[in-house]
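My questions will all concern the structure given below.
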Amino acid sequence: MAVPEDAVSLTRKRSRAGESAIKAALLFCASVVLATTLGIVASLAFEAIEFFRAVPFKEFLTGSSWAPTFKPARFGVLPLVSATFVITIIGAIIAFPLGLGAAIYLSEFAGDRVRKTVKPILEILAGVPTVVLGYFALTFITPTILQTIVPGTKVFNALAAGVAVGIMIIPMVASISEDAMRAVPHSLRQGAFAMGATRRTVAAKVVVPAALSGIAAAFILALSRAIGETMIVTIAAGQIPNLSGDVREPMQTMTAYIVQVSLGDTPAGSIAYKTIFALGTTLFLITLGLNILSHRIVRRFREKYE
Amino acid sequence: MTVLDRPVTMPPLATGKRAERSLRAVMFQAVLLFALLVGLLTLLVLLVDVFRDGAGRLSGDFLSSLDSRFAARAGIKPALIGTLWLMGLVAAISFPIGVGAAVYLEEFAPKNKFTSFIEVNIANLAGVPSIVYGLLGLAAFVRFMHMGRTILAGALTLVLLILPVIIVSARESLRAVPDSIRHGAVAVGATTIQAVWHHTLPSAIPGIMTGMILGLSRAIGETAPLITMGALTYVNFVPAGPLDRFTAMPIQIFNWTSRPQSAFQEVAAAGILMLLGVLLVMNALAVFLRNKYERRW
Amino acid sequence: MTEFGNLLRERQAKPRREPHKVAEPRANLQPVFSLADVSVYYGDFRAVREVTLEIPAKQITALIGPSGCGKSTLIRSLNRMNDLIPGARVEGKVLYHQQDLYDPAVDPVEVRRRIGMVFQRPNPFPKSIYDNIAFGLKVNGLTDDVGGRVEQALRDAALWEEVKGDLKKNAYDLSGGQQQRLCIARAIAVEPDVILMDEPCSALDPISTSRIEDLMFELKDQYSIVIVTHNMQQAARVSEMTAFFTTEILSETDDRRTGVLVEFDRTDLLFTKPSDERTEGYITGRFG
């Protein structure tokens, strides 16, 4: 039976008080994300500000000696930054060509079956924990490099760490670049093929230029990841701050130093404790800057295909 | 012979393959293939190397012993228990928060600045180095909330780390449920919450579970944040509960790798094999779930 | 014998329905909907312009017109389904039994219980036949004798005989026509006053379409029905009143098109003696 026409008013809200509570709970869950950002900024800032009250900016940013626990203590961050930089560059030299090459092959040349087999393997490589890569660097890459290619390589050295970092970021470079290239519409390729171009010409002269902003983003994000990498460099590159730039030698990166302090018994209020937050702030700002840059590049230079 | 006498053949769609017999073309493709293979080969070499080093060391004793200064007696039990506790807590805490956030963002959030701000935050947090999360855990959970260097603090740190992963994948699963289902529910007089709870969420669960497994796979291999917030590296006891101090498998591996005695290399490799084994099972489970329950709308 | 074959035999056995007689609007019933200068906007785009219309109760009213003329938009504003579309808003007055549907105090959930909707593509829930109907009963508190209510709804939707053997069957295993009848059953199970149908047969084959048209005839004694259709013959077959819409250019500067109501009359009159030349053009197929 249908409800009669002179029906009860439509305003009677069924008692759904529980629903407002549920919506509030869901909003709370979403706000955890905001709380996390706030927490990171607050935790870093609080200790970092204390640090920079004791240590002048100039010494931190330009000093070439890092020895916080010595007397007299030295807080020049350059050796750590240089080590991070060197290892990241080595990683990039390895990962950019290999990752991009793999991506071009998968996107423009490989058949479906190859792609379906290879992509999961790349995902597996991406899922290998970094301790495992650190182990690999120390116990395999270093002896192989020590023995064969580069005489004078020490047990802990930046080169092995750099290679392992490169291996770590290959999947990232490959998959983001490949996504960018797949997003290039087929009509662009077809136009070139119809003029008699080969696949390699199309790949090199049509697809890669069209996908350039995405590829640039892939590179920048991979750099950001490499800069923040901790375990590989801690295990394989050693714990000695070193400004020499000789990759056969051990070098301590910013992240490795934080681990060193965390493993020891540095008491809470001490200046050494505050240094890890100062370095954490530096890391955070660098990676945040790179991530924002990659986002901007994609937005600004993304090719409009229509 | 007129044009009509010639056989009519459709030229194949232009693919550029015809002109590729030249040496240059072959070399080009070979170089790219080489690039791809190097990456894959490295994985293979890594696995073989670890297997060779560590397979011999795997045994029941290895699983049931505590750590030791003597390589022959070192075992992974405390680390294993620690990892299990951590993963259990991480799963239990990150699931409701991550799914709740995803439901809010997909089903309720109005398109305004606040919502965009949350989304920007999620994207940025995904790119923050994991060691910074460790610093957050140290400052906020260990010190500020006085939890101490316990499993609970470690689990909360990891929850924050993987939350972006979980939220993003849960949102995608919710988005995959067609609007027609939601509209059908609302049209019979259900509220949005009723529609989500009874229809949208159940249909999205397989995808959400896959995302959870991927998030946990990430968490299980994380070392730096746990070391930074104070997990131990030498543990000769088995943690009994969330308020105990602890170690975890990747930390134990790190510790063994760092010891100068070469015999510990094998022990580390054995630990790695266990860790990779667990990861393999988790990922196989994720693939299985995805294939079995993914609904084609 | 396939289901299709069965349907075919059934149709041939039944006497052909008389082309329906002109039904007088029931004089003692107030219109179920009164629209006064109703415009529907998506953001700043006016999709429907100033519609004034009274939809009679306990009859079948058809909304016809070319695509893009806002028929679906308008019908969705009758049960506040447009609320689900971000940026959608309604201007003017929509009265349902003399009550303002868009009054801030009105609960849209309550509205949709009274004013049900059947959609263009059948959209049953991915659950059993029983659960599809039981869900509506549950959220509306009609939990006395759920089994009985489910059966009655399926009977009223002319689906009971076909599914009574296995109510636990998944709704997705039904044919398109059966799914749509399930959606109708789902809608009527919650005892609405009005059923809105947005091109309910456009995704179905002719036999299923014909069954649903028969069903509409049986339903109109109890429910007021408003149907949007792009099929003129369907409107002519089932409805007592028909409203014809068309599109007009928004303005001199904006050449997007907005929907306007052209003519609203008894179906037989609209199709035989239309008052407006645009109506005549549409029904004679001069434009479509």
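We call the chains A, B and C, going by the order they appear; numbering starts again at 1 in every chain.
Assume contacts are C-beta pairs under 8 Å (C-beta built on N, C-alpha and C of every residue); 3 or more make two chains touch, one makes a residue touch a chain.
Only a predicted model underlies this, so the values are computations on that prediction, with no experimental measurement involved.
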Nearest-to-centre chain - CA centroid comparison: B
Pair of chains with maximal C-beta contact number: A-B
Chain whose Cα centroid lies at the greatest distance from that of chain A: C
Length of the line joining the C-alpha centres of chain A and chain B, rounded to whole Å: 15
Chain centre separation (chain A, chain C; CA means) in Å: 54
Distance from the mean Cα position of chain C to that of chain B, given in whole angstrom: 48
Junction residues of chain C, two or more chains touched: 109-110
For chain B, residues contacting two or more additional chains: 191
Chain B residues touching chain C - in the complex, by the definition given at the top: 110-111, 180-191, 194, 198-199, 203, 295
Of chain C, residues touching chain B in the complex: 79, 81, 84, 86, 109-110, 112-113, 116-117, 119, 121, 123-126, 135-136, 139-140, 183, 186-187, 189-190
Residues of chain A touching chain B in the complex: 16, 19, 22-23, 25-34, 36-37, 39-40, 42-44, 46-47, 97-102, 104-106, 109, 118, 121-122, 124-125, 127-136, 138-140, 167, 170-171, 174, 190, 192-194, 196-202, 221, 224-225, 227-231, 234-235, 255, 258-259, 262-263, 268, 276-277, 280, 283-284, 287-288, 291-292, 295
Chain B to chain A touching residues, read off their complex: 13-17, 19-20, 24-25, 28-29, 31-36, 38-40, 42-43, 45-46, 49-50, 53, 96-101, 103-105, 108-109, 117-118, 121-125, 127-136, 138-140, 143, 160, 163-164, 167, 191, 193, 217-218, 220-224, 227-230, 233, 250, 253-254, 257-258, 265, 268-269, 272, 275-276, 279, 283
